[in-house]
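Chain IDs A, B, C, D and E follow the sequence of writing; residue 1 opens each chain.
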Amino acid sequence: MTETLRLGSVPVQRPPGVVASAVYAGGRRITEIPIEQAGEWSRKPDHMVWIGLHEPSLDLLRQVQAEFGLHDLAIEDALKAHQRPKVEQYGEALFVVARTAQMLDGRIAFGETHLFVGRGYVVSVRHGASTSYTPVRERCEAAPKALSAGEDFILYAILDFIVDNYMPVIETIQAEVEEIEDGILAVQFSQDQVTRLYQLRRDLLRLRNAVVPLVEVCRRLEHPGLPGIDATMHPLFRDVSDHIRRVQEEIESLREVLAFAFETSLMTGQAQQTEITRKLAAWAAILAVPTAVAGIYGMNFDAMPELHWKYGYAVVLAAIILVCAWLYRRFRLNHWL
Amino acid sequence: MTETLRLGSVPVQRPPGVVASAVYAGGRRITEIPIEQAGEWSRKPDHMVWIGLHEPSLDLLRQVQAEFGLHDLAIEDALKAHQRPKVEQYGEALFVVARTAQMLDGRIAFGETHLFVGRGYVVSVRHGASTSYTPVRERCEAAPKALSAGEDFILYAILDFIVDNYMPVIETIQAEVEEIEDGILAVQFSQDQVTRLYQLRRDLLRLRNAVVPLVEVCRRLEHPGLPGIDATMHPLFRDVSDHIRRVQEEIESLREVLAFAFETSLMTGQAQQTEITRKLAAWAAILAVPTAVAGIYGMNFDAMPELHWKYGYAVVLAAIILVCAWLYRRFRLNHWL
Amino acid sequence: MTETLRLGSVPVQRPPGVVASAVYAGGRRITEIPIEQAGEWSRKPDHMVWIGLHEPSLDLLRQVQAEFGLHDLAIEDALKAHQRPKVEQYGEALFVVARTAQMLDGRIAFGETHLFVGRGYVVSVRHGASTSYTPVRERCEAAPKALSAGEDFILYAILDFIVDNYMPVIETIQAEVEEIEDGILAVQFSQDQVTRLYQLRRDLLRLRNAVVPLVEVCRRLEHPGLPGIDATMHPLFRDVSDHIRRVQEEIESLREVLAFAFETSLMTGQAQQTEITRKLAAWAAILAVPTAVAGIYGMNFDAMPELHWKYGYAVVLAAIILVCAWLYRRFRLNHWL
Amino acid sequence: MTETLRLGSVPVQRPPGVVASAVYAGGRRITEIPIEQAGEWSRKPDHMVWIGLHEPSLDLLRQVQAEFGLHDLAIEDALKAHQRPKVEQYGEALFVVARTAQMLDGRIAFGETHLFVGRGYVVSVRHGASTSYTPVRERCEAAPKALSAGEDFILYAILDFIVDNYMPVIETIQAEVEEIEDGILAVQFSQDQVTRLYQLRRDLLRLRNAVVPLVEVCRRLEHPGLPGIDATMHPLFRDVSDHIRRVQEEIESLREVLAFAFETSLMTGQAQQTEITRKLAAWAAILAVPTAVAGIYGMNFDAMPELHWKYGYAVVLAAIILVCAWLYRRFRLNHWL
Amino acid sequence: MTETLRLGSVPVQRPPGVVASAVYAGGRRITEIPIEQAGEWSRKPDHMVWIGLHEPSLDLLRQVQAEFGLHDLAIEDALKAHQRPKVEQYGEALFVVARTAQMLDGRIAFGETHLFVGRGYVVSVRHGASTSYTPVRERCEAAPKALSAGEDFILYAILDFIVDNYMPVIETIQAEVEEIEDGILAVQFSQDQVTRLYQLRRDLLRLRNAVVPLVEVCRRLEHPGLPGIDATMHPLFRDVSDHIRRVQEEIESLREVLAFAFETSLMTGQAQQTEITRKLAAWAAILAVPTAVAGIYGMNFDAMPELHWKYGYAVVLAAIILVCAWLYRRFRLNHWL
């Protein structure tokens, strides 16, 4: 399917897989360009090409590779997805992988973003469930001064956007965990709650796998040593770093809280079982009295004098009731009933 | 709301969000100043401005930023709160984040403090539940010699105050845990105790999240490499460092103790269940005797010779009582009853 | 047993244990050679010998050792198998150990591969269940340009192949775990499922033991410092490194998921027990009613007026039914039944 | 209370809190001195003052501080106790904190020792339950050659003494754990044993908190870089280091063993519950036979032919006994009884 | 007791505690010598004394110390045993401690070996249950070329022997664990199996404590920096290092497997309890039918029309049987019976 979009005032016909492809100079968008001119534009001094792809075909990737001279291994990775978040240096170019997360129907949906950053170009490749980076582009274009800093600023803007998008996911889970906590404090978990707890733990595990390697990626970006990352950018990446570490901290806390909830629920369940067993035992004891007594006076011996007493029946009935009442009271007193 | 306070002998009208704003020289307070003069005063040699803010508005923060030339990212952080404790260096200025804790109605209430420390100024920004730093200010003013050391001394004094305020929180929890321990040793936890244990674990987890990154903050402050921290201050920060590590140690211990308490309670609960099941089984066995015997002699067969014996009833009754007594004794001996 | 294979156009008679033995130059296979000429060929400039062995005898290993001057300790290791994955440097030669894995009848079958890599030669020794490296050889021969890079490329190709072969194993287990998860959400595990879970945990533990030291092996290969590994190869080994780390991440996740599943199943089991105990208690209570009442009116007292009432029986029967129905309703309402 | 002690041949009147205060030269005690002369003596070449304090007052500490010029922060610490074990360097002086442990009534009683070590003086301050260092003093005085090495030797001697005193504590607990182990192997823990286990885990946790930071203290003392520690002393501190690490290892082992014991006891408890439930079920089944049969033949139907058979009663009785016996046998065979 | 042994052709009378004491030159044994000549021989160029002791007395140790000038602390350690595995450097001499392990009656018996290695001498001191090093000596003497490398080769040979002897211990436990695994898959553990599992975990813990510090010992021996260890020996020590790491890996795996087994057994036990409770409930329900019905028709009301029906008894009996059969069938269908 070919997407037709109006960008600036020029209607552009873009091949499938290409979300955006524009040239920037001095922080402002100059023009939309087709992929096949990207390399050329990117080599003009003070010009920068920013291409956004979404689940591109191999052909498209090969074309982009040819324009910017990208490394074979990075292209392979970008095609396959299912990479660990990482930052890889190929010559003067950087290849960054990050995982994105968003809530879909109560479960976390994960996506993957691959970024190629080199002199004069930034290429973003999205896979799976992930928000478009159009808001990032708009925000950047709205701040031409910052954008004029170059490719590393775009890298920062996208990573910042990805990390910011973790927070609503975390908050949704936090809200749900707090609801579950109220449940714990009341009764043993229902089967549904157990199931939901399991899903949350599973999702948090996946989220942690997305986030933890990203901490290392940010750590490398905030320190000298990578090509194309200007020293003036380090505080910005340090800020992303702080946010991602905060996300990580929240994830670890939630994981621990869910583990506590499991343990607590286990104890609540055990306490409940004890209580029921106690109740069962108490009632069994109380009901054993009429059963035993009635059994005895239901025997057919010839010589059972009590049977012939005038008030025998009344006395026995009263005795049964008294003993039962006394037992009941005792069980109430020691909290078995 | 505008706060009117008498400071020294001059009544000062302060804008909302400003708790204090004064100039110090040689360790003594010179005068109260409005925010808009702060920058100017701070640049006078041997003068130092100390401003205290409480949940300031963006406007106020922007004003302070303009006075001292603070970094954009730090201002953003100071506005949003929910930062991890950290020390960040922006040019010649330091930005320190710490979390404060105090007991409120049996739960830990957390606050956040942001500190901007640069040549000639210290700005503290408090968020959420946290004690005012007025006692710190008073203590500093009471020791002009120490205070004359400069901005780093105020940083030390505030951090020391924050860390000292963790101790009563820890002690309150310790006292409660010790009470709970007595409970463990007696019986299975009640639902209320389980709930309370859960809350304590949750609070300790949050407290740990507040404290652990602060250890790293102190570690950086006690070593060379940060601007504006004089070498003579290192032993002081090392002392704060020791205290915060002791707090951390206590937290870890309490966490482990609560985990032990959970496990112990689980075992106690299991043991209790076993005991009740045993009791149930023992009484069921004892009561089965009259039931079975009475059932048999309650049958309506024509030819049941025992029924016609003179002492049949007495013998059977005696037999039932004897067997029950013997069973009871046996169960007592092997501790089932 | 002697294997006769047609390689290229020359039928070769190979001794048992030798899978392949060929000379390469400029990335192309020159000829098949017997082991006893291997050393000589390997010393020719720009020539490279690639020998593949499978569970070789000591004699064969000694012969290979003599040809290339391999280290005694490495030969001992290669004979015994049961080594930890490692990379060892003996003079100018490398000795690499890796474990291979594949699914066989629902369990993971492990093999071991030992690689000797030196100037002019690569020797691979396979032990236990492991796929032949013929596909690697074919792939290498299909890319003469890459192969002409030398011995380190073959090392890369084999390690890449081994790591790639972990993925289907992981995926098979993932699929099974997902099936089990559906089971968790429904009911307590059956004995078969418990057994299977145990096997999976056991297998994952073994797989982790195979994979974790390989991460270190790759880390060393992707950094400078090892003889015979060209700097141009580092990105390739970094790629293997990324893959193996991803495998490790998946293993850790699966291990954690299985641990979650255990805990969840324990809770489900507990909940089920509570439910059954409750049902038992409820029915016991309901059935106690007719038993007690019938017992009482089954007593043989002379004076039991109710027995002689006209509708005594009907009233008692009705009372029993009513009480039972009321109890049943109550138990339904509080979800015991 | 003022202590009067005969030291050497001179009766000395010491202020409260001072346990000993003597001057040494060439490894031999020269004389007892009052605190107010300590500074002066310590500055004489080749002389060394060794003061022992026990829970001193602030005044006494201030006096000692004045004599040797100790750092304010160290004095504050020494007064408050409740410090983490650490070694702190203030100028040319060292401040060492260690925790001591001894068994009192089956629980570990902890003390704290603070050591000030500088050129010409050693001051030890004891807090809480801790043995006097008189044996150390005697042992040192008995080895003048070693003692002549100086202040660092006294530091070593005291640390060695503290670490050696951990061993009997560990051994007492080990002995008790071994006793408990025999208990595990037999039956489920009694409530008393559970309580005791809990106490042991709690005490071991505290002991670990005392020991772990001491490992770091020793590590720093055995390496160059601290003032006043002669290189010839490093092997001695390394030896203390080894012992403290061994103590730590034992503590970790005991902690793990107690955790194993908990788990094992949980399983034993579960097995016992299963066994009791089985027994209960088996007896309920056996006793259901006479109950059901007798119930049936206790019905008052007019037409129940069996009731009128001559041997009806005997046959039914025999049948009941046979079925019960058969059931009993079956339950014995499958180990339910 | 004095041991008389024939070594070579010379009968030697050795003092108690001395297992062997010989001089080597060029890799060959020159002569047996008494301890008192050891120092003198060791100082001859290209001569080396190798002494083997077994639980020596203090006198003997002091004698050996005097001959080679060993360090006091090392001698103290060697006398007391109960050291952590370590390598200690005293001047030009090395002091190595290792723990040995062997199976005795199904439990691991531990021993301790102390090695003094210096220029011209090796002294081994064995404590507790440990194999004699006679096989090591024989193997060394059989390889004069290797032995001529000197003292470090003997150190290697002994460490290699110790580490090799761990393997049969591991294998014995592995075999037993595999047996236990079959048990898990079948039924809940018996008390004997629980006890055995506990013992295995305890033994593995001890074994780990023996092995883990040895990894560090080997790590130091395989790197430059220790006196008397020739660079040509590093690959040999690296080989020991690999083996000990493999042993460690196996121990960790076994520990984890036993933990899995515990958890699995807990789940099996829980499942069994649920099953028994279910069975109990099902039979109770079935047997409640005749009890309730018979109870009702055993009442003595005058007016119970059913009692006088001709087929009343037969109908009731049939109804009881039918209902019971129907219940039984239902319970079979939902797998409660």
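Details
As a working rule, a residue touches a chain if its C-beta (ideal position, glycine included) is under 8 Å from a C-beta of that chain, and two chains touch if they have at least 3 such contacts.
Worth saying up front: this structure is predicted, and the values here are computed from it rather than measured.
Any chain touching chain C that also touches chain D appears here: E.
The rotation relating chain A to chain E, fitted on Cα atoms, comes to 145°, given as a multiple of 5. With each centre defined as the average position of its C-alpha atoms, the distance from chain B to chain C rounds to 43 Å.
Measuring from the averaged C-alpha position of chain C to that of chain E gives a distance of 26 Å. Contact with two or more other chains is made by residues 266, 270, 273, 277, 280, 284, 291, 295, 298-300, 304 of chain B. Order of chains round the ring, from chain A towards chain B, by the touch criterion defined above: A, B, D, E, C. Those residues of chain D that touch chain B in the complex are listed here as 71, 73, 77, 82-84, 86, 88, 90, 188-191, 194-195, 197-198, 201-202, 205-206, 209, 262, 265-266, 269-270, 272-273, 276-277, 279-280, 283-284, 287, 290-291, 293-295, 297-300, 304, 306-313, 316-317, 320.
If you check the complex, the residues on chain A that touch chain B are 181, 184-185, 235-236, 238-239, 242, 245-246, 249, 253, 256-257, 260-261, 263-264, 266-268, 270-271, 273-274, 277-278, 280-281, 284-285, 288, 291-292, 295-296, 298-304.
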